[in-house]
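Following this line, the structures themselves.
Below are two complexes that have subunit A in common, paired first with subunit B and then with subunit C.
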Partner chain A sequence: MPTLTIDNQTVTVPDGTNVLEAAQQLGIVIPHFCYHEALGAVGSCRLCAMKFEQGPVKGIEMACMVQAQDGMVVSTVDAEAQELRAAVIEWLMLNHPHDCPVCDEGGECQLQDMTIAGGHGIRRYRGKKRTWINQDLGPFIEQEMNRCIQCYRCVRTYRDYCGGDDFGVMGSRNRVFFGRFKEGKLESPFSGNLADVCPTGVFTDKTCRFRSRSWDLQEAASICPHCSLGCSVIPGARYRELQRVRSGINRQTNGFFICDRGRFGYGHVNHPERPRTPKLQGADAAWPEALQLARRRLTDIAAKVGPEAIALLGSPRASLESLALLHDWAKQLGGARFCGDPQPGRDRAARQLTALLGSRARSLEDVRRSDCLLLVGSDPLNEAPLLGLAVRQAARRGARVIVIDPRPVELPCNFQRLSTGPEELPQRLEHLVSTTEPTDDLSTLRTLLHQAERPILCGGGDLLGEVGIRQLAAAADHFGTGLFVTLGGPNSYGAALLSGDGPDADQLCEEMLAGKIRALVCLENDPLADGPQRMARALGKLEFLLILDHAPNRLSRQADVFLPTTTVAEGSGTLVNNEGRMLSFSTVFNPGIPLGISSEGGHPPRSFSPTTAGGEPRPAWAVLAQLRGENQSPEMIRRKLEGRDSRFAGLSLLDPDGEGQRVRGGGHPAGSHDQSFPHPAPEGSLPLLVVEQLFGSEQLASLSPALDAVQPDPQVLLHPETAAARGLKEGDTIALHTELETFSLQLKLNAAMTPGLLLATRLRDTPLELFAPGSPTPCLVGKGGGDA
Partner chain B sequence: MNLYQDIKATAQAYWITLRNMFRKPVTIQYPEQKRVPFERYRARIVLTRDPDGGERCVACYLCSAACPVDCISMQAAEAEDGRRYATWFRINFTRCIFCGMCTEACPTRAIQMTADYEICRRDPLTLVYEKEDLLIDGPGKEPDYNFYRHAGIGVVNPRGQGEEERPPADVRSLLP
Partner chain C sequence: MNELLPQPEHDHFRAKAAASEHPRELIIDLLRAIQEHHGWVPDEGVELTAEILGLSPLQVEEIATFYDKIFRRPVGRKVIHYCDSICCWATGGEQVAAHLQQKLGIGPGETTADGAFTLLPSCCLGACGDAPAMMIELKLYGRLTPEKIDAALEKEKD
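Moving on, here comes the complex of A and B:
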């Protein structure tokens, strides 16, 4: 812990801290470009010059390149250092164009701030400026190379931190160019971070090009709703339109970066088909009328048939506050059925995880610092991209990465792949801990895990299922390590904690078919898209269906009562991420039809109205409180939940800008359930495994028009050997006959996947949407076939 | 003593009135008679065009940021040729205090103030000016300035062929 003096102030910093960081701790701002907390220092911008007056280093040095040592006396205001900084920033600005008015970085330009801070105010250079021909880098990132100051941050982010290899630096002397070898889409799923790290306007967000200045945006700390990791994000809205999402900083979860799904998947908030008015059987209605009808019908059914005839179905994308109100409502009704997740497989996996995690919980930061990672049934880049990024950081520090998965998993780092069938995952884990077969292919893995100091077992909830998670926890205990399991949605963990050992959606479906359940309340879920497969039939047996949702819901027209709710960006609340960390988010803006849509591109209306067009959606917790006839605030709900359930202690004190807090205590696994196939697999069938894809699978992001350009084509993957045995070749259109549906898909061969398995991605608005992700279905393969 | 003061004050007041009776009056018979303001008088705001006839405004939002009463609003968009322009631009003259901060902030000389001071209407909504009400046909002050000729992003001239630009760098060249 060296102690040094900077500008006559003494500071003690941890070992390995550089002088620039030490100065930042004192609140001294020194211009710098190449230094970034996540990327480290390279000393290439030459801007953070300080005068080292006494101690082991003497003279003018770059502060980011000097480790803080005892006895250093440093001056940042020394005339010589200031003069050097002013000269350096003047050189950096020589070729910078005169286009700030049309640059999207304007208003949040670090180059501008640093130029002024560096002491260069008036341009002296009158010569000609260097120009470039820009590249088209795909639908997400806009390039304007003229503005480049060669700080190398983009390459260090894209190649070093994110592991992309299709972007780099090329050229010589003052012709150093940052881009792709050929024009084209940036392939890394983390390409959007270029817009965040570029200190000037070379790389900007194409989806909000020329939309707003940063000072006009309404911004607040929020949580990304597109996977279970709970990355910190800062959405920005203007004129009732969510216009961009940038990465927030949470050192325990995402660190400094987010993935492209989280960054560009915000379009669901502005979706033109988003339901914004309460509806009674498809017809627009007023709030009081709709609320009154819903309340009356539910009390009638509860009084007539009993409270067990009402089912309340939550969702992993609903906030903890609204789920808690829903859960409490079930009790208040006298024992209505409550289930937190419409997808039974994911629900059971999540509940199993909440029951087992406890002290085995590890954070993404722990993953980044791990020295041996075993990924079982987890495809990070498709299921939870930031886990892939964290795995890369561990690998860069020398960690060994081993993947056991039936899919052709790709990672942005080197790893060892052990192929296996989707149903053999639990057995493989069992073999891993049993010492009876010491010489199988798992023996090296066993040794690695025993030798490692900080190993972590990562899993994917979809493929592991509840049995797999139990095995993974047993393996974690055997090796004395922790777990990091990804789940289905942003609040899967919270929903599972509240569900406890209550029924799952499958059971609710059975009871609906049996006529025991007469009324169903769906909170922010689409049971037709994400529910059990029999849901469509079961819904027909209901007397009353109430839906609360903010996304275009298939049932919004059919439901007896539909009530519009707000999205994550339009309300405040709490989500519990996959490691049981409660993360709160605050309101970015109030709902309403975006001005760009309501004015059809023209100027805003020239008339005044006391209400906002499309401003009717209300936060789900508020709607639920009104349905219960109460007047509640999120603070009251949080305090009540804390008081009722000690696992959520500290909930009311959470800070949206903070790092969140783990829940105290676990949940219950779901009750026993028959998981065998209803029918034996037919002769000659192959298991069809439908899995999540980075783009196109997650419901909210699939509604974002910005992601349309990267939507993958539906196709089915097969191992070349399996294909050859059946006389199929790449590009064939094959017909797939499943119990659910028959459809045809184009065949693609992949040698990295497990043989004897059909692999398809669960794309929204295709027949594949109906399949529960991660659980194999027997499927007969035929040649040809009509249209998909 | 008091009597002397009273007489003096009365006489002085009459004297001032008497003296001004023979002066030329400063008031004019508005609106029959109109005053011609100075060239740099700050009144009704206009949006000007560059010497080539294109809109000067690039919708950079600096005027709306500088405006102390928040009377300017706009939405930027990109034209097919890459030009940034305002799809709509609104100045609420019921709120404007004619301070001139917007013209000072404008980096492209688009927003300028004219000497037209006669801006009053019975209906306040008619004082909310849209882009078509604001845009004039001429360049106004600084008639030769065209921002895009200096920006180097290649809207009015191909990239790298502006007066202050070198031709685009050749990335693949290995020459020293």
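Moving on, here comes the complex of A and C:
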């Protein structure tokens, strides 16, 4: 812990801290471009010059390249150092155009700040500036190369940190160009980070180009709702429209970066078909009327048939506050049925995880620092992209990465692949911990896990399921490793904690079909898309259906009562991520029809009214409180929840800008599952495994127009050997007959996947949406057939 | 000249890349081999190099565009590199450049109408002792005078 003096102030910093960081700890900001906390220091921009007056280093040095040492006396205000910084920034600015008024970065431009901070205010250069022809880099990132000051942050982010290989730097000396070999979409799923790291307007977010000035945006710390990792994000809204999302900083979860699904999946908030008014059987209604009817029907059913005739179905995308109220309401009604997740497989997996995680819980930061990672049934880049990025950081530090998965999993780093069938995952895990077979292909893996200092077993909840997670936790116990399992949604963990050993959606379905459950309340879920397959039939048996949601919901017309709720960006609350970390988000803006829609691009409407058009959606917790006839605030809900359930202690003190806090104590696995008649697979059938993909699977992001351009085509994957054995070839249209549906898809061959398996992506608004992700279904394959 | 790389060389580089721990190190050799046969390196040459070495075209392009002796645009049958670095400048390099331009009727970076010569400035040819110097293809001409330049051009003209 060296102690040094900077500008007459003394500071003690951890070993390995550089002088620039030490100065930052004192609140002294020195202009810099190439240094970035996540990327490190390279000393290339020559801006952070300080004068080292006493101690082991003497003279003017780049502060980011000098490690803090005892006895150093450093000056940032030394005349010589200041003069040097002013000269360097003037050189950097030689070719920079005077286009700040039309530049999207204006107002949040680090170059503007650093130029002034560096002491360069007046341009002396009168020569010609070098100019470039820009490239079209696809739907996400806009390039304006003339503004480049060659700080190399983009390449260090895209190539070094994120592992992309289609973007880089070309040329030499004063004519370097940052871009692609040829125009085209940036291939990395982390390409959007270029807009965040570029200190000026070379790379900007194309989806909000020329829309807003940064100071006009309403911004607040929020949490990404597009997977279970709970990355910190800062959405920005203007004119009632969510216009962009940039990465927030949480050193325990995402660090400094987010994936393109999280960044460009925001369009669901502005969706033109988003339900914004309460509806009674599809017809618009007023709030008081709708609330009253819903309350009356539910109390009637509870009184007439009993509280067990009411089912309350939560969702992994609902906030902890809403779920807690829903859960509490079940008790208040005298024992209504509560379940936190409409998807039974994912629900059971999540509950199993909450019961077993305990002290094995690891964060993404722990993954980044791990020295041995075993991924079982986990496809990070498709299921939870930031996990892929964290795995890469571990690999860059020398960690071994091993993947056991039936899919052709890709990672942005080197790894070893052990292929396996989807139903064999639990067996593979069982073999891994058994000591009787020392010479199989898992023996090296065992040695690696034993020898590693910070090993972590990573899993995907979809493929592992309840049983697999149990096995994975047993393996983690056996080898003494950490555990990191991704789940279905941003609050799967919270929903699972509340569900405990209560019924799952399968059981609710059964009770609905048996006529035991007469009323269903769905909180922010679409049970037809994400519920059990027999949900459609079960819904027909209901007397009363109440839906609360903010996304266009298939049931919004069919429901007896539909109540519109707000999105994550339009409210505050808490989400519990896959490692049990409670993360709070704050309100970015209030709901309303975006002016861009209501005025059709013209002048905003000139009519005046006391209410905001389309401003009717209310936070789900508020709607639930009103349904219960109470007056609540999120603070009250949080205090009550932590008061009655000590696992959530600290909930009311969470800071949206903080790192969150793990729940204290675990949950319950779901009650024993009565495996209803496992249908024998028909002869000649293959298991069809439907899995999540980066774009097109996650419900909210699939509603974002910005992602339309990258929506994958529906297709089915087969191993070349399996295809050859059945006389099928690449590009064939093949008919797939499953118990649920018959449809056809185009065949693609992939040699990296497990043979004897059909692999398809769960794409929204296709027949594939109906399949539970991760659980294989027997499927007969035929040639030809109609359209998918 | 149309072929990017003859088959034997193609096979040779593939074998070499397979045996190498870091195929990246072959980028320059491969680009130069293509330039040798094709006169310059077109986009297809960059893509072929990437494919043989298992890299992305961009990773090859980064190297190809860094070095000014890898030509990414068509050049004349012979390339004249005249030195514009300090020793040559001090001994009349500017006059050499002017004479070359006047004699060939082209500016730096241009190719004569008959396709015989491309004129490129170069930062030091390593011939400071013989300054001012120029290089036509791989042949060095030092202590240049207008007469020597004329003779060299006459000799090198196909």
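Worth a mention:
To be clear about the criterion, the second predicted complex is superposed on the first by the 784 of 788 C-alpha atoms of A that agree within 3 Å, B and C clash if a C-alpha of one lies under 4 Å from a C-alpha of the other, contacts with A are read in each partner's own complex, and residues count from 1 in each chain.
Just so it is clear, contacts are C-beta pairs under 8 Å (C-beta built on N, C-alpha and C of every residue); 3 or more make two chains touch, one makes a residue touch a chain.
Here the structure is a predicted model, which means the values were calculated and not measured.
In the superposition on chain A, contact of A:Gly171 is made with both subunit B and subunit C. Within the superposed three-chain model, A:Gly596 lies in touch with subunit B and out of touch with subunit C [touch as defined at top].
Which of subunit B and subunit C touches more residues of subunit A: that partner is B. Touch criterion met: A:Arg180 reaches subunit C, while subunit B stays clear of it.
Across the superposed pair, subunit B and subunit C both touch subunit A at residues 170-172, 177. The part of subunit A that touches subunit B in the complex is made up of residues 97-102, 106-107, 128-133, 144, 146, 170-175, 177, 209-213, 215-216, 239, 595-596, 599, 601-604, 606-607. Here subunit B touches subunit A in the complex through residues 58-62, 64-65, 73, 75-78, 84, 87-90, 107-108, 125, 128, 130-131, 147, 150-153, 159-160, 164-174, 176, going by the rule given at the top.
Within the complex formed with subunit A, the subunit C residues making contact are 43, 46, 55-59, 61-62, 65-68. On the subunit A side of its complex with subunit C, the touching residues are 165-172, 177, 180-182.
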